[in-house]
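Below is the structure I would like to discuss, written out as structure tokens.
By written order: A, B, C and D. Residues from 1 in each chain.
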Amino acid sequence: DLPLLLIAGPCQLESTDHAQMIAGRMAEICAAHGAQFVFKGSFDKANRTSVGGKRGLGIDGGLKVMQSVKDSIGCPVLTDIHTADQCAPVAAVCDVLQIPAFLCRQTDLLIAAGETGAVINVKKGQFLAPWDMPNVVAKIESTGNRRILVTDRGTSFGYNTLVADMRSLPTMARMGYPVVMDATHSVQQPGGQGGSSGGQREFAPVMARAAVSLGIAAVFIETHEDPDIAPSDGPNMIPLAQMDALVQSLMDFDALAKADPIRV
Amino acid sequence: DLPLLLIAGPCQLESTDHAQMIAGRMAEICAAHGAQFVFKGSFDKANRTSVGGKRGLGIDGGLKVMQSVKDSIGCPVLTDIHTADQCAPVAAVCDVLQIPAFLCRQTDLLIAAGETGAVINVKKGQFLAPWDMPNVVAKIESTGNRRILVTDRGTSFGYNTLVADMRSLPTMARMGYPVVMDATHSVQQPGGQGGSSGGQREFAPVMARAAVSLGIAAVFIETHEDPDIAPSDGPNMIPLAQMDALVQSLMDFDALAKADPIRV
Amino acid sequence: DLPLLLIAGPCQLESTDHAQMIAGRMAEICAAHGAQFVFKGSFDKANRTSVGGKRGLGIDGGLKVMQSVKDSIGCPVLTDIHTADQCAPVAAVCDVLQIPAFLCRQTDLLIAAGETGAVINVKKGQFLAPWDMPNVVAKIESTGNRRILVTDRGTSFGYNTLVADMRSLPTMARMGYPVVMDATHSVQQPGGQGGSSGGQREFAPVMARAAVSLGIAAVFIETHEDPDIAPSDGPNMIPLAQMDALVQSLMDFDALAKADPIRV
Amino acid sequence: DLPLLLIAGPCQLESTDHAQMIAGRMAEICAAHGAQFVFKGSFDKANRTSVGGKRGLGIDGGLKVMQSVKDSIGCPVLTDIHTADQCAPVAAVCDVLQIPAFLCRQTDLLIAAGETGAVINVKKGQFLAPWDMPNVVAKIESTGNRRILVTDRGTSFGYNTLVADMRSLPTMARMGYPVVMDATHSVQQPGGQGGSSGGQREFAPVMARAAVSLGIAAVFIETHEDPDIAPSDGPNMIPLAQMDALVQSLMDFDALAKADPIRV
């Protein structure tokens, strides 16, 4: 088993400088602790809680930022796509296309993404059981693409709350694809602040550690140098200044978990 | 308050003859009992559980069927749309555009739908609280369109199960728009049959009656002359042969509820 | 089918005068609208959220109050019991023994209650599915007692929230015993005020009407002349001054539902 | 921080020989790996799903078995109590009194248990949020007893399913008392086999490892040499033959977690 992969970055791409700063710092941290790294950033927040929420740089601006990160930092990059026609242009720049959780049942999007040949990271919908994911993955596989990651970002639990069921990770691992724990979105409180989502940032490291101890392939973490001013998802992001200690800690648990695999 | 509206039809549009048969029968039933009627049918099942599930007639074939229903039966027609570019052509034929529950946070879709000026029926996501819906509705209102219906089709409750919280109906009614109870999807068991969704057809009339007794504007019911062979959602559809008695019964409760409004 | 039964009263028995006042007023209201009536009051709140919450009059004081209500008002009376040894003395005065939801799996309590020969009203635990209740009822039936009522008071739905699943009522009705909807506890917010439970009093009539429209046997409602000063459960009780209009309205729906039974 | 405590044993006490065999084997395993050990066994299953489920040896028989385990193995012993009058006689033999989850709000039971001066292990009700537990603990503390453990055994999640929310563990740890993860009951499927509860035994080690990685004080595990013939809870017990490897693995994660504490 390979060492842990960190998929990390800001929620929204904000500017070239900002993206390079975060990607550069995260690449350093991951290199220092032996973790793999993929930079994450969104060019469009297509499903903001409110119509007034900031949407982001757009596809053209976002892809330029992503290209600059690849050129300057040399790491793979991931972004999320929302419509079938975005898949090909995004795959021309990005290494990993991500299917948002709300859209994980949209057949045309899954197929268009799969057909690019890029790696596809598909998030389990908050409304799906982990054992429903083989149907989702089969839509991508129908294109011949088997470069697939599956991510848990929490499951609906009453109103305005998600719960991360640890059984989900080994259940989804049965499909044979790398499993990712989204440590920051699984502590989101959807709609919990009226016009935007709340979050419990303090529990993101809890989710990450518990999941890594089970021997998963990757952790997804949104991070920002000042989450309280981030244009989206601030309440559940981890401050960039805490990432070094967190990655070091997660790598210790990863080494132990990879040496002592748990299978169900 | 107007008498109850029935939004009814098959899950998928199957053919012109089939659509006219169901629309014609439902129009007769509704006329006989004093209910309003809108014919519902989907041209594309864009989020089937499995990649092998039947998708439907497609947009061109579906709109031809819808036009034929309007011409022959004379009732308004509703269909669901999945991408922003479908909105204008669909609104050229259909009276009501429906936003699927999974897509109720996709800002571009809501705005493109709103901009057509058609009536928009937006379903509450299974992952949303009823008090989150003003944010969804505001995206449509941002286009100046205030011809809006809001529908409850159930909320995630553990795995593979939905629950219909009756508090949702008066809560959503506070927005001032007509509220619809989707009696057949709220008894769906998502993913409950492995490669397709299960359902508890026997409870759809329970949901419809409870909701109508609260004085809602409309009930959404999928119906088919033989649900067990329907291409999708058979397990939760009501047989067409039972619709006459059901509508009669619902109209009795509707009359009583409209005469004795409940407000929260 | 008999007309609707109202099981109503304060959460806690407070004094003889107070109990007679509420029982007298409710008996008048029920008589005026053709409803059956059973007076409800607790002598001990054995599971308060906090150790400092008021417990009540105790068994001796409570039974004296109950006897005075029977003597003065002439209605049957119901109270809840918490230990096996309370069952016999309580049954010497009260017509109905109620098993609290948290205790609905405690075999000794169910059997001791059943053995008194009194009517037993057992509440479905917030942690149970409606189809789990036959196991609960069988414990009472094992004593030969078949004078049983089964009550839904809501099901756990995330944290600090209950949901009332309308499917529960016809599901439990399959056992052949009268089904009761607890309209005030199903809108409780357990622990929702830190040291005590919150509630959504405004939705209790919603729950009552939806349930009555399904043709159930009885509605359970806690009421008080001034809920905001009631020693327990104030946030979800219905003011006594609203009960006349509510009972009248429920009887209209009851008549319609009993004339048009719904079966699943 | 002390090394991990294992609270382990069969669900029901079956006989002196059986209890000594399991306690002896578990004591050996824990000693070999540096874990603390408390033997667990129930003398009465007071809340079986069905009236026909085996109840156990009873209080007198059970306490004799517990005394024999203490005498022969020398380990502390834990059992669960169900009524206030059981507390004193049980505390005369047992080191730890356990409050069952369903009963965690019963004030008299909590106080009677606390007054014995024994250690009290209180399980969070399936219907409670972790932040509701300070109210429960305060009832025990009102007796002056501060020898308290708090256990998570899962939370209701839809019907017939529990979910273990990892946030619960650090949330409950804020009270300052040792936190226990019940790895076998949190994978129970209440009522999932009709007349008895089902379970997902294969996920118990998953829950244990994830929780231990968070630095908790103790893990609660029911074990049996042949779970499929155990008189209760077989579907979620871990076979005794797997305990040596499991404890060894958990101690590795415990050492890492205790050296790198996570605080929220």
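Observations on the model:
Rule of thumb we're sticking to: contacts are C-beta pairs under 8 Å (C-beta built on N, C-alpha and C of every residue); 3 or more make two chains touch, one makes a residue touch a chain.
No experiment lies behind these values; they were computed from the predicted model shown.
Looking at which of B-D and C-D shares more C-beta pairs in contact, the answer is the pair C-D. Matched by residue number, over half of the contacts between the chains of A-B recur in the interface of C-D, chosen from C-D, A-D or B-C. Each chain gets one centre point, the mean of its Cα atoms, and the points for chain A and chain D are 36 Å apart.
Centres computed as Cα averages put chain B at a distance of 48 Å from chain D.
For the pair chain C and chain D, the distance between mean C-alpha positions equals 33 Å.
Counting only residues that touch two or more partner chains, chain A has 157, 159. Across the interface of their complex, chain C is touched by residues 157, 163-167, 169-170, 187, 200, 202-203, 205-207, 209-214, 249, 252-253, 256, 260, 262, 264 of chain B. Taken together, the chain B residues at the contact with chain A in this complex read 46-51, 55, 82-84, 102-103, 105-108, 111, 125-129, 131-132, 135, 138-139, 142, 155-156, 159-160, 190-191, 195. Of all residues in chain B, only 157-159, 161 touch chain D in the complex they form.
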